[in-house]
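Look for chain A in each of the two complexes below; its partner is chain B in the first and chain C in the second.
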Partner chain A sequence: MTKVAKYILGLGMAGILAYIFLVLPPAQGFVAPELARIVALHLPNAMIVMVASFMAAAYGFRYLTRGRNPLDDAKSKVAAVLAMLFCLLTTVTGAFFAKVQWGAYWNWDPKQTCIFFLLLIYAAYFLLRSGIEDPEKRAAVAAVYILFAGVMTPMLGYFVPKQMPSLHPKNAGFDASYNTAIWTTTALLLGLFAWMQSLGVRSERIKLALDARDEER
Partner chain B sequence: MGWVHEATAVFAKEVRTEWRTRVALSSTVLFAVGALTLIGMALRVNGVGAVGQAVPGVLLWVLLLFTAATGLGRAFVVEEERGTALALRLTARATAVWTGKFAANAALLLALTVLTTPPLLTLFNGKVANLSLLFCVLILGALGIAAVFTMTSALVAQSSAKGGLLAVLSFPILVPLLTAGVHGTLAALGIGNPQGLFSAGQGDVQILVSYMVIAITASLMLFDFVWND
Partner chain C sequence: MTGMMPLLIVALLIWAGVFVFMLGVDRKVSALERRLGLDDDSRRVSAKENSL
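Moving on to the complex of A and B:
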């Protein structure tokens, strides 16, 4: 990423945080309206999980169908790491919100449980990877599982919780400024995600090159 | 050989090898019986007889999932261990192998469901309000579970850590099936549905059907990638 983009990202991040904490009005209809502002950080994280998980699945699919390029496997893996990271951030910010608004960090709310299952899927993915020695076999098996994970992300993030009674706010007292805050944060986090992804891929590329050099010797 | 012939041949081979020793069948049945008794004892440990209304329906699914995790994971591991995977690769195409294995797993799980459901419901005083809904939900659920475990067992067969990994990989994927299955079963047992209407569980049946279709299609499309290397 270019230097300019990084500066824009940093300034934008600082700006949106200041906006969320200083300008954004408290959301009505909650136990603690002032503290409901965390929604503007919680929701964008969940959307990045979706993007990262689709990206991991897409690179997995590319690996399987386009000539088994180890770099595609590496890209898929890096995206899966980031999906897990943002999944963790979604869980943690959600737990803070739940503690303040619903009285406990963990309420067995369908959305809470489902995002936790998503976390488990990614944990299982890395466990699966670590159990297979042969790199080509590992990449193929991991790609198949990451495709399943890609299908499960919208299911667990959206369709399953919709079937069950939930504590999650439907159309609670968020005014239009929340939309602005949420989408701006999402765009900035998307930039951050792209940066982290490219850093991860760069380090994977170096690892692949080192492995190739070792084999030549 | 045609595809159907290959698939039925794989299925017949599975049934025949299983029937020689009956290890999978007897171990899963014993596991289910043991787990059932253990849970029954644990629920009454303080001497109070009454068990919550939802318990039989939920237990049924927990038992089904855990028994599947112990019994269905061997399908491809066995082939790798015996060194017969290569022969199987040569004689049948990938989708036929998967279908045959899936059919065998589904048969095992359905037999198990038929064997464990009546005693479980009797022991925990579950009253069936709509038998056809219960049948639909359980059969579709068993087929979905068998499809997922057949696929994940093919993934696990490549890994050095086999035992626990199967459940770790499969349980999170089975969440939509579990929620719909439990909801439909509770409706079939008349909980929140005193007249025993089929329509109370119709949405769950639809979810289970689509889950099964997705699981089978995805497996058929992806199995080739892990099988033929």
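Moving on to the complex of A and C:
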């Protein structure tokens, strides 16, 4: 990521935060219409979880099918870390929304329950990785598991909760400006995700290079 | 609108913290890459040396 892109991202995110908190109109049909604007931060985070999980699964698949490159495993792992991070951010912003609109941080609503399972799935991925010592075996098992997580993410994040009655608003009174805010935030978060992914992969490459040097000695 | 000001300030402070942290990590990773010869410039030089 170039220096200019980083500063555009920094200023853009500050700008969209100002837009969300100062310009967005209150959403009608909510207990606290002013605070419904949290949605403009909550939804984009959830979309990044999807992107990160697909990326993790794609690199896992590539690892299994294209010559077992340790860098593909590293890329898959970094994307999985970011999927979990954005999943946590989605949960936290969602919990604040739940507190102001429904009176409690946690209501065991189908979407909340599903995201809880999703967090468990990603936590299990890291447990699995830490439980296998042989790097090649670890990478292969992790790649298979992350394919499963990649399928479960849209299932638990979108399709399953959609079939159940939920506290989550279906036809909420959001102004059209909410769409602008949500999509702009998603684009900026995608930029942040790309930056984090590249940083993570670069540090994994450093680790691989150091390991290779140690083996040579 | 003014009621949202404290929340905006908190959000901006959190973002500033994340941004500065990311810039710091980026700088450290770049320094390590240079030291190990993993950065783009070093790779270009070694590719040229290999082709000669």
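One rule holds in what follows: the second predicted complex is superposed on the first by the 217 of 217 C-alpha atoms of A that agree within 3 Å, B and C clash if a C-alpha of one lies under 4 Å from a C-alpha of the other, contacts with A are read in each partner's own complex, and residues count from 1 in each chain.
Quick note on the criterion: a contact is a pair of C-beta atoms (placed from the backbone, for glycine too) under 8 Å apart; a residue touches a chain by one contact, two chains touch by 3 or more.
Because the structure is predicted, anything quoted here is derived from the model rather than measured.
When the shared chain is aligned, chain B comes close enough to touch A:I132, but chain C does not. In the superposed model, A:A209 lies in contact with chain C only, and not with chain B.
In the superposition on chain A, A:L120 contacts chain B only, with no contact to chain C. Of the two partner chains placed by the overlay, only chain C lies in contact with A:M196; chain B stays clear of it. Applying the stated contact rule after C-alpha superposition, one finds that A:L22 touches chain C and leaves chain B untouched.
Judged by the touch definition given at the top, the superposed model places A:M164 against chain B, while chain C stays out of reach.
In the superposed model, A:M13 lies in contact with chain C only, and not with chain B. Put chain B and chain C next to each other and count what each touches on chain A; the higher total goes to B. The contact surfaces that chain B and chain C form on chain A in the two complexes do not overlap at any residue.
The touching residues of chain B, counted against chain A in their complex, run 151, 155-156, 158-161, 165, 168-169, 171-173, 175-176, 179-180, 183, 203, 207, 214, 218, 222, 225-226, 229. For chain A in complex with chain C, the touching residues are 6, 9-10, 13-14, 17-18, 21-22, 34, 37, 192, 195-196, 199, 202-203, 205-206, 209-210. Against chain A, the residues of chain C that register as touching in their complex are 1, 3-5, 7-8, 11-12, 15-16, 19, 22-23, 25-26, 29, 32-33, 36, 38.
Contacts from chain A toward chain B in the complex involve residues 64, 114, 117-118, 120-121, 123-124, 127-128, 131-133, 136-138, 140-141, 143-145, 147-148, 151-152, 155-156, 159-160, 163-164.
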